[in-house]
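Can you keep this structure in mind? I'll have questions shortly.
As written, the chain order gives the labels A, B, C and D, with residue 1 at the start of each chain.
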Amino acid sequence: MTFDVARVRADFPILTREVNGHPLVYLDSANTSQKPVQVLDVMRVHNERHNGNVSRSVHTLGTEATSAYEDARAKIAGFVGAATPDEIVFTKNSTEAINLVAHSLGQHLALKPGDEVVISEMEHHSNIVPWQLLCERTGATLRWFGVTDDGRLAPDESLINERTKIVSVVHMSNVLGTINDVTGIVARAHEVGALVMLDCSQSVPHLPVDVQALGADFIAFTGHKMLGPTGIGVLWGRYSLLAEMPPFLAGGSMIETVTMGGTTYAAPPARFEAGTPPIAEAIGLGAAVDYLTALGMEAVHQHEQDITAYALKVLTDVPGVRLFGPATPEGRGGTLSFGVDGVHPHDVGQILDALGVEVRVGHHCAKPTCARFGVPAMTRASFYLYTTTDEIDALARGLDQVKKVFG
Amino acid sequence: MLDGLYQEIILDHYKHPHGRGLRDPFTGEAHHVNPTCGDEITVRVNSSSGEFTDISYDGLGCSISQASASVLYELLLNRSAADAAGIQDAFVALMQGRGQVEPDEDVLGDGIAFAGVAKFPARVKCALLPWMAFKDAAARAGIDVSSEASEVKA
Amino acid sequence: MTFDVARVRADFPILTREVNGHPLVYLDSANTSQKPVQVLDVMRVHNERHNGNVSRSVHTLGTEATSAYEDARAKIAGFVGAATPDEIVFTKNSTEAINLVAHSLGQHLALKPGDEVVISEMEHHSNIVPWQLLCERTGATLRWFGVTDDGRLAPDESLINERTKIVSVVHMSNVLGTINDVTGIVARAHEVGALVMLDCSQSVPHLPVDVQALGADFIAFTGHKMLGPTGIGVLWGRYSLLAEMPPFLAGGSMIETVTMGGTTYAAPPARFEAGTPPIAEAIGLGAAVDYLTALGMEAVHQHEQDITAYALKVLTDVPGVRLFGPATPEGRGGTLSFGVDGVHPHDVGQILDALGVEVRVGHHCAKPTCARFGVPAMTRASFYLYTTTDEIDALARGLDQVKKVFG
Amino acid sequence: MLDGLYQEIILDHYKHPHGRGLRDPFTGEAHHVNPTCGDEITVRVNSSSGEFTDISYDGLGCSISQASASVLYELLLNRSAADAAGIQDAFVALMQGRGQVEPDEDVLGDGIAFAGVAKFPARVKCALLPWMAFKDAAARAGIDVSSEASEVKA
């Protein structure tokens, strides 16, 4: 079966749009993906026919909404190979999922001075700052893996040791595109009794991810980067761990019983879903997972590998372009950051936008990664299942134009 | 459509519950809460030589949960652990069957009236509340009526 | 101008639906409201034409999304009379907004043993449990206003005193319908130097609310109860206070600069909006506010007062029905909780649902309020701008049926 | 459409910046960051008898922010606090005017080339970055160039 990118594109209404008089060339999916009509329709039908609050009503609308919400949970559990749907906690985004673990697991493990938390230099701010704050609260020490010149995690034998309590690293870098082989890190962490969280915000949308195979204890990902709506994220955690952890956000629906004097808490996942959850958004994410599953994540990944190989070749041929991250498609995804000699990324992005080519410029919420490569900002083109080689060509033409304006 | 839910048998048990009220002596007790609706039940079991010589209960709840407790009392009183486990399993299977499971009157007695409840997902928890509390109370009395145990014994 | 409820109803697609063979009678708006086509259309158009991540791109889609998101903030600021849009923090729901204040303000005030936090016995769990946890973390003491037999806050002269640091009470009760006149509480709290948060989850959707007139320091409300989508809530706070408070959730977009060694934070509201926010949801809430503003909140409130007066009369006439909360429309909103003699609320709700009448049953995430009135659960009918007197009549007929089944 | 943004004057200032590089002595310094793109600038002012006798700067940034710093140097060097405040005000008003403000060449000199930037909301912050840093640096040198101050003085 070949991947029919034209058929896929027909499902995305926005791709017919023009930007500044040119056909839209959307190369910013690592920032947020576009949404197929199948996802938008499911949400619309939910809101127009079945809207009710979940878990709280015996009435028909409430029951329908609850079933749809829980079905979405089951779909997502299946998508990442969770042992049970109860291991899936809905949050508002990846960032909340990571903060949840930093607070709740940090409290559960009673982190204290002398304990260590390990991250890396290629993390998104959302997988840095929550751990910095945890260390501030508890007196624990933050340590990190460095990054090699070709954009891989730098091995560091002694980094994970008997003082390490939590390791949290990115599965696929949103800047360098690197897909980290985490087997060694997970094994080493478990050997010393540490727990492992993986930031899968960029991997779950683009490759087959199976939590059993990964072996980690927690993963986080986010709906809007995987064809789903904004406002929904996911924490997967091993049930036995979730069951031991104290709540984080508190309020309606996460309780067992409440008196003015004290409260007991519901079992996971409810314990971690305080208040009215993003109901329509969870249902939309369920539809996104259906869409991806129907295409097959292997096929999606293969398509992106092909596009990435093409793009690496094309960009390497543009004089004055410096690539950051792995130079070949092996162990990397379809996210390419680069610099254009003598031109600031802001200016690169602006000129590309004038040609309808939408790339992200800036620090990509990963300032330490940029600092590692000695630049304050980069230009990033990122691909998805709807990306075509024509769009890569449009990017290359755009870069010629950039060099003309700033030549 | 409500006829499936509010069977005459259920309303009878609700209005005239069997075995209701907490009694002494007892060898195990458990208190369960349905967090979504606030319903509560306390179940006590008294056991001797592996048999439930008394089952008593009290609580606040809807017709379904109250009738379910009354039926439980009828079905499990003076039964052995293995028998109780079998009946418990059959009732749970019925409730979780989304209306697809055909109940066996020989095993479930009046409990077959709950077949209709299985079609109302929001009410399944109500019907199961006393049964879950019973299982815990039995466990505290040192008697395992979980399905794995019953499989071994059966 | 008279309020044209038929015209309003035409905007809500779900109201044409049948439930169990009867026309839908939706009396559960205090739980979650229905959404007009105007809100759904704005979200759809955003997702189909303008979807991009906010605050991070210079490209056209990102700029359009950012403008729409910030316009929504400005609309909401205007809707509640905020001094500037920067006082509006987007959260995922009311619950997150309250947790944000409990964590961030609690840390800013450095709460300690001897300090007191004051709430009331008529709070939603979302305005109880975050404060219980804050008191657990800091050793501060939780105290509360009682509730009178007719469902009002019981005056208590000494409750707010020089030890009080934070007062957080509900503006309109989601169970009793009581609208609390908070003037005295705000004045007393400020006199002793305490800060005041109001849980406006039920008031902002239903009455004109002006933060300047209320005089409080923080208010929380939630999109899905005011014609907006799920997944979006709002914290309003005085800018000078927000500017002093440390961050709560941490990650992308809330930083000024990040190094592995430490982070500085952006100014509010960005400081409190970590990660990709609920973008389409904020835009949808902006459209909901436009819809409400076009009708006029005075008119909405008046319509609900009329419906409430009618419903109070009708329900008082049903034998065996016991009302909780204020018995007349003065100082109360369109949320009526009641009991039916000898019938459990679950059974009441089930029989009403069989007739298409959707009410909420249970503890309404306010167990202490139920306990105060000596019941584990109540049946609640709640109204909104689309509620008609015919629907109240359908409720009354349904209650007759309830009594027949359980007679 | 890009012509409005990348005016020849702007590209000239970008490629050949005036007054660039940090110099001693100075009486006030400020470092500003644009959190969304990571651009940074350090601005120093030297002042004597209420005049800016030197303005020096260094930083990393796009053509707009760099050219803006160069223009700022040209416009404000050797000006009095009141003059500087007036020019600062005019520049900020131009940038925040969403393309609706007509710039006055007598006040803004080469700064009028930035009129087109006001139509690109994402770039307005770039153009303003050096001006905000300058205002802070001046404040640290004890000179108030905020608009309230200028209003009083004007």
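One rule holds in what follows: a contact is a pair of C-beta atoms (placed from the backbone, for glycine too) under 8 Å apart; a residue touches a chain by one contact, two chains touch by 3 or more.
Predicted model only: the values in this text are computed from it and were never measured.
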Intersection of the contact lists for chain B and chain D: A, C
Centroid-based (C-alpha) most distant chain relative to chain C: D
Whole-Å gap separating chain B and chain C, where each centre is the average of the chain's CA atoms: 38
Chain centre separation in whole Å, for chain B relative to chain A (CA means): 45
Intercentroid distance (Cα basis), chain C paired with chain A, Å: 31
Per-residue multi-chain contacts in chain C, two or more chains: 20, 56-58, 62, 255, 257, 346, 350, 361-362, 367
For chain D, residues contacting two or more additional chains: 36-37, 120, 123
Chain D-facing residues of chain A, complex: 20, 344-347, 350-351, 354, 361-363, 367, 370, 376-377, 405-406
Contact footprint of chain A on chain D as seen in their complex: 1-2, 5-6, 11, 36-40, 60-64, 66, 120, 123, 126
Residue ranges of chain A touching chain C (in the complex, touch as defined): 13-14, 17, 19-20, 24, 26, 28, 31-32, 34-35, 40, 44, 47-49, 51-53, 56-62, 92-96, 98-99, 121, 124-130, 132-133, 142, 144, 222, 224, 229-233, 247, 249-255, 257-260, 262-263, 274-281, 346, 349-350, 352-353, 358-362, 365, 367-368, 371
Chain A contact footprint on chain B (complex, rising order): 33, 35-37, 120-123
Residues on chain C engaged by chain D in the complex (per definition of touch): 55-58, 62-63, 66-67, 255-257, 266, 270
